[in-house]
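Below, chain A partners chain B and then partners chain C, in two separate complexes.
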Partner chain A sequence: MKKIDKERLLLGIAAPVLAIVVAFLVTALVLAATGKEPFSAFGIMFDYGLKSDSQVYILNKATTYYLAGLAVAVGFRMNLFNIGVDGQYRLAAFFAAAVGGALTLPGALQIPLIILTAMIVGAMWAGIAGVLKVTRGVSEVVSTIMLNAIATAVIGYLLQQGRLGHLDEAGTKISTKPLPESSHFFEFPTTPSPVWGFIVVAVVAGVAYWFTLSRTRFGFDLRTVGQSGSAAEASGVDVKKMVITSMLISGAVAGLIGMPTLLNDSYEYSGDFPVGIGFTGIAIALLGRNHPVGIALGALLWGFLERGTGKLEFEGYDKEIVGVIQGVIVLCVVIAYEVVRRFGLKRQQSKVGAELAAQAARNNDQQEVSA
Partner chain B sequence: MRRVSKITAACTVTAALALTASACGESSTESSGSDKGKMKIGMAYDVGGRGDNSFNDSAARGLDKAKSEFGAETKELTAKTGETPADREQRLESLAEGGYNPVVAVGFAYKDAVDKIAAKYPKVNFGLVDSVASAKNVDSIVFTEEQGSYLAGVAAALKSKDGQVGFIGGVDLPLIKKFAAGFQQGVKDTNPKAKVQIQYLSTGSDLSGFGSPDKGSYAAKGMLDKGADVIFAAAGGSGAGSIEAVAGKKGAWSIGVDSDQALDPSLAKYKDTIMTSVVKNVDGGVYDLVKSVKDGKPLAGTQTYTLAKDGVSLTTTGDHLKDIQAKLDEAKKKIADGTIKVKTTT
Partner chain C sequence: MELRGITKRFPGVVANHDIDITVRRGTVHALVGENGAGKSTLMKILYGMQKPDEGTIAVDGEQVSFHNPGDAIARGIGMVHQHFMLADYLTVLENVVLGSEKLYGIGDRARAKIKEISDSYGLGVRPDAMVEDLGVADRQRVEILKVLYRGARTLILDEPTAVLVPQEVDALFDNLRELKAEGLTVIFISHKLGEVLSVADEITVIRRGTTVGTADPKSTTTKQLAELMVGSELPSPETRESTVTDVPMLTVDGMRLSATDPDGVVRSVLDGIGFTIHKGEVLGIAGVEGNGQSELVDAIMGMRQLDAGTVTLDGADISRTPTRKRREDGMGVIPEDRHRHGLLLEAPLWENRILGHVTERPNSKGAFLDLKGARADTERIVREYDVRTPGIDVTAASLSGGNQQKLIVGREMSHDPKLLIAAHPTRGVDVGAQAQIWDQIREARREGLAVLLISADLDELIGLSDTLRVMYRGRLVADADPATITPEELGSAMTGAATGHLEAPDDSGAEGAESADSTDTDPRNGGEDR
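On to the complex of A and B.
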């Protein structure tokens, strides 16, 4: 039993490692094709990416990415493809920023209120897709991607002067009213720059994710539905309820994605609030195999790549190279998982076959002896 | 087997720890020495960067001019889509730390980052295009887009035969609304009976309206069908679509933006229908800052590049404005002496 686990673990690690190695090889080829020496580029990236201020940057970035990965992974475990994480977190962050800017309560009250607003808005927005799927059979892929566009339009409509927008003195930047000082989230006073306190929330979310999925009945039901809806239904799981619940949870976690930026960095929602993190989350959930630790590693890797390539641009390399590496990693991951899965399956089959053959031979021997 | 993997694990962990520990102490920004001799100019572009045929390119022209004139060393970094304020801060910081002075941030999205980093590096001079920063060592370079657009509105009203003109904005950002407001006022002041159709191609954080010629083309066609015969597109790359659509209707004029679009090689086919372009002298703003730093008297505070100072202007390529130049000059004079106040919001 234990031995099989170890082998599974090895195979599990083999896929992402293989993917990353292949991705770096492909990137090296691309760099070479652009006439640059690839290995010094990797040298720059690693050297720079491990400096203390880079570590802080990577941790802060990874906090956001980790939450994005979790939000997507909740859906994935249920076989739901929530592409709408992107719209969910933006809408959630927008309303949370608007609520936070409008109130001036003590931080102990206001910060939870802001976070709660974000989670509820995110959950509601994702819930729409869940309800549509359950009542009308609309694929969540279609509905969530449409809801992304609608979220953009809703924010665009509300983020105007005279509505929830607030024009700066130069008259060029529009944002929600900045959060009062009291609602700034705590930071770890590391040097040279602080680590965002929201990393604690991300860790808690990760633990909660792990606990819910692997240690509760709900998590068991969720995974069962993910593996086979009809089998789950037959064993008494209310699949419709599970779809809606998991969409709500996925949306609520998505609501957290914007919070590190909002509460630890920008303190307002403006037109330049980061977009597209929902899609990054998909890549990271894939990379981390929906496992809470795997997602964390994926998020850190993503942060590292972005940090490292920022330096590459400074050193005269093309800034697009990070996109190439990231894209190739995702592609390689998907392929590597399939390759490793097939390899594992084959290995298992041949092993079982060998064992069966051995058993059969033994039986034959015994029969001969007894005869 | 089990033993080996345990040892491997132990080694890996130790190595990882050692790596982290050794890295913890050293910051990437500690090991830089700036040589005083040569001037080093750092540029942080907005999304699109050099080569966008628009706003960033205009800043790049200013940089190129300063570079060739002062023999300066330059470093250009570009924003990516979907980045956080922290990314912009780090971009400026890496330039400031690398000994670049001045450091110019192109685009209002850099405002907060400039506020933070300029305070951290009081000895470095910063430039901020299109927004106003609070720190003392920042030269805030802003333009009166509404004044240039007002003149475009005057020209449009005078050239339109049926009094119907259109405005296409890329994204409904406050900056683009300044263009719309000035244009509308210019049209109405010249011909009170004229009708202005205003349309934006995308909203909020969806910046696709700046890069979709197809959207520009559809919007322009819609306006032309409703009777418009002059269309001003302040929509970045989408403007090309509008200009193309306008060229398809006989007697209709288009007005370009940011750079002289009648000189744009990719639009050469339509240059006879481009009446004029509203241009912002971003290159001048950038050049002025670099020169002031070179001269040891760095600009700081807010520099407003107005119509009176040719910070914004109309281009005259093709001489399509000749017949109405007198009226334009009159309007320009009135704006300069304050008789006409141009609104910045519609």
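On to the complex of A and C.
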């Protein structure tokens, strides 16, 4: 059966590659339509995007994106569309920053405490949607979107002086109280700028995700629900419990998204804390087919695109072009996966049919010979 | 209309082969066959929903090829589906003109046309009634009118009586006779032999995907027709020696289950269900589909909460036990709809082998999956249960129905079940696989397995069961001894015409202590007990 395995791998890679190629073609057309020369633009992107400082930038960005992709993928594997990753990670990062700023414990204690706070807050926020879904039948798409808005409002309310806000010395910026030096996460001393140590946590999270899904009973149940809710129920999975559990996990992973920025870069939560990464996570999970390695590649690609197109701005191109490429990639990916999936399934069906027919024919021949 | 040599293949299975049918104009032509015999596929071909791989279709002597239902409609062929396709919140008029606005407009002209059709065939359809207010029989007449409105001269009715009560069936047959008198042709699909004999002018029998003969309803009995349908050369499901012990394995007592339908009305789907299956016993449940059989299975599996009653498995009360625990405790299930409840179609075979038994060896050790063990055991199932597949890494979807079913049977049998729930275990399964599945059930029964068998195939029920019960409207209304009962008698009990203990009229040896109604009631006359 090695043959079909290889084929499946090929089909698996075919879709994203196809999507990316088409996306670049469409982008080239858009560039050409705006009267710019497309290929030199790509040249600039690749040139600049592969420089060593860009490499560091991409790795750091990808760390955040990877965690976002994982958080979304946990839901996807169960057919849950957790759009609320965005609100979950912002709220989680905010409270984690507040807790971290208020305490001055040794780093070995405080850093895990900050991370744990973030994961719990993320899980609770996502859990609300899970509970609503199983008890009241509220679609998680609707509830998580609304929870995003509520998260924004909650942060806005609490991030004020006298509450959890803290005015900096210049008196221009309001943020949570900065983390003490001891709570800064380690860095890899690369040049020109360091690679965030949180990349290690991201890798661990990826391995844990893979192991849980493909090697544990719990993961099997989760995938079963995702593939067929009715079969899962008949097989004895408590689907309601599963919905809540996976929302909690998705939220907990979402809680990690803000951590690389908080512990390795900003050390505080303020108005300029990155937003919208939850939605990026959806695109990356789609691109990576919910596979831990695929998500990693998707996250790196996303970082690369942002970095490369950032340079374009200085070369007279519109920087919105990055949005075009990303949008087109997501669109192409969704289409390409479905096309490839159907093609693969059909192909396998006819192949199995043909192989069995050949087997049957052989058996008949043998019978005739022996008769 | 003539069909010649129609063949349709699906991956790994031939649904139809060498179908030959001639339907004469102005007749009611019945097409009979068991579930899974290939009737529906044939009708889809005739209505342009699927294309045949081989063979020709001729209408009025002219060869045609249909690419979609539109082509068939243009040729005057219309279909009344088993499940109605009506919009509840529109009026009859709106439903009828929907999609055919160009024919007679959407106003008074259309209303007049509907009136005209309704009057000339005695359909009694009111154009301005809301569809949601109509009963099932009225809805069916609207469907028929819809087809006629589009100019159909040939009507295909797919199991039209399945949803009707006997009086409605009579009314429908009167309508069909009107249509016939006006020169229209009706193709009538059914597996209810009594009905077929009373309404059809000609009968074609389909078995295992091919036409096996035609019959003249005037000179044929239901018994002869049943023999044609089942085929005497087929492996018989009969079990010989009794293996029934007196150790109860599954006891259901006073089970009641109610459900809320879409209109918000709570009705009871199971009521007063009680039976015991002993070790080594096969209890067969007969009944027209939709009389509570699926709900019974769900309830025993623990997928639905009982409103009242208890379920006892091997001496332990499991009425409140979750499904997974019940399965671990030895409940094997061959589900009615294997695609929805028994398989992960896009997952490889070895993952399907884990499904439903993820907590048990060899699939897992503690909280972790044992991939090696599961794969090795899948190989064993494939070998021992003769699952025809090139390997265990192909998806379940790429196997034929029979092989999928053999995998499921193998999986469920591999965990030494105490109780096997087998719902339509041989539906849509080819002859060879059918015989194997029967053998496996028999063998397991010899080893002391208790089996709850639910089937629409009456011969299978009679042949495999040690005890028979008849289910009607959520109740067990009759019981019978499989040694003496015939499919016809069982069939009439399934319509609710007979209750109590069923006895063959010509068999004096049956123990008829609590015998109630007669068993020779024609299904069409039945239903007084409602």
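Brief remarks on what is shown
Everything that follows uses one rule, which is that the second predicted complex is superposed on the first by the 351 of 371 C-alpha atoms of A that agree within 3 Å, B and C clash if a C-alpha of one lies under 4 Å from a C-alpha of the other, contacts with A are read in each partner's own complex, and residues count from 1 in each chain.
Here is the rule we use: a residue touches a chain if its C-beta (ideal position, glycine included) is under 8 Å from a C-beta of that chain, and two chains touch if they have at least 3 such contacts.
Keep in mind it's a predicted model, so treat the numbers as computed, not measured.
When the shared chain is aligned, no partner comes close enough to touch A:Glu338: not chain B, not chain C. Judged by the touch definition given at the top, the superposed model places A:Thr216 against chain C, while chain B stays out of reach. Touch criterion met: A:Leu167 reaches chain B, while chain C stays clear of it.
In the overlay built on the shared chain, the residue A:Glu37 is in contact with neither chain B nor chain C. Counting the residues of chain A that each partner touches, chain B and chain C differ, and the larger count belongs to B. By the touch criterion defined above, A:Gly236 reaches chain C but does not reach chain B.
Taken together, the two structures place no residue of chain A in contact with chain B in one case and with chain C in the other.
Residues of chain B that touch chain A in their complex: 5, 19-20, 23-29, 75, 77-78, 80-87, 90-91, 94, 98, 108-109, 111-112, 130-132, 140, 142, 172-175, 178, 202-206, 344-345. Within the complex formed with chain B, the chain A residues making contact are 6, 48, 50-55, 57, 60-61, 64, 90, 152-153, 155-157, 159-161, 167-174, 191-192, 261, 265-266, 271-277, 280, 306, 310-311, 313-314, 319.
For chain A in complex with chain C, the touching residues are 1, 4-5, 214-221, 223-224, 227-228, 230-231, 233-238, 345, 348-353, 355-356, 359.
On the chain C side of its complex with chain A, the touching residues are 11-12, 301, 303, 322-328, 333, 335, 340-347, 351, 354-359, 364, 367-369, 371, 388-395, 397-399.
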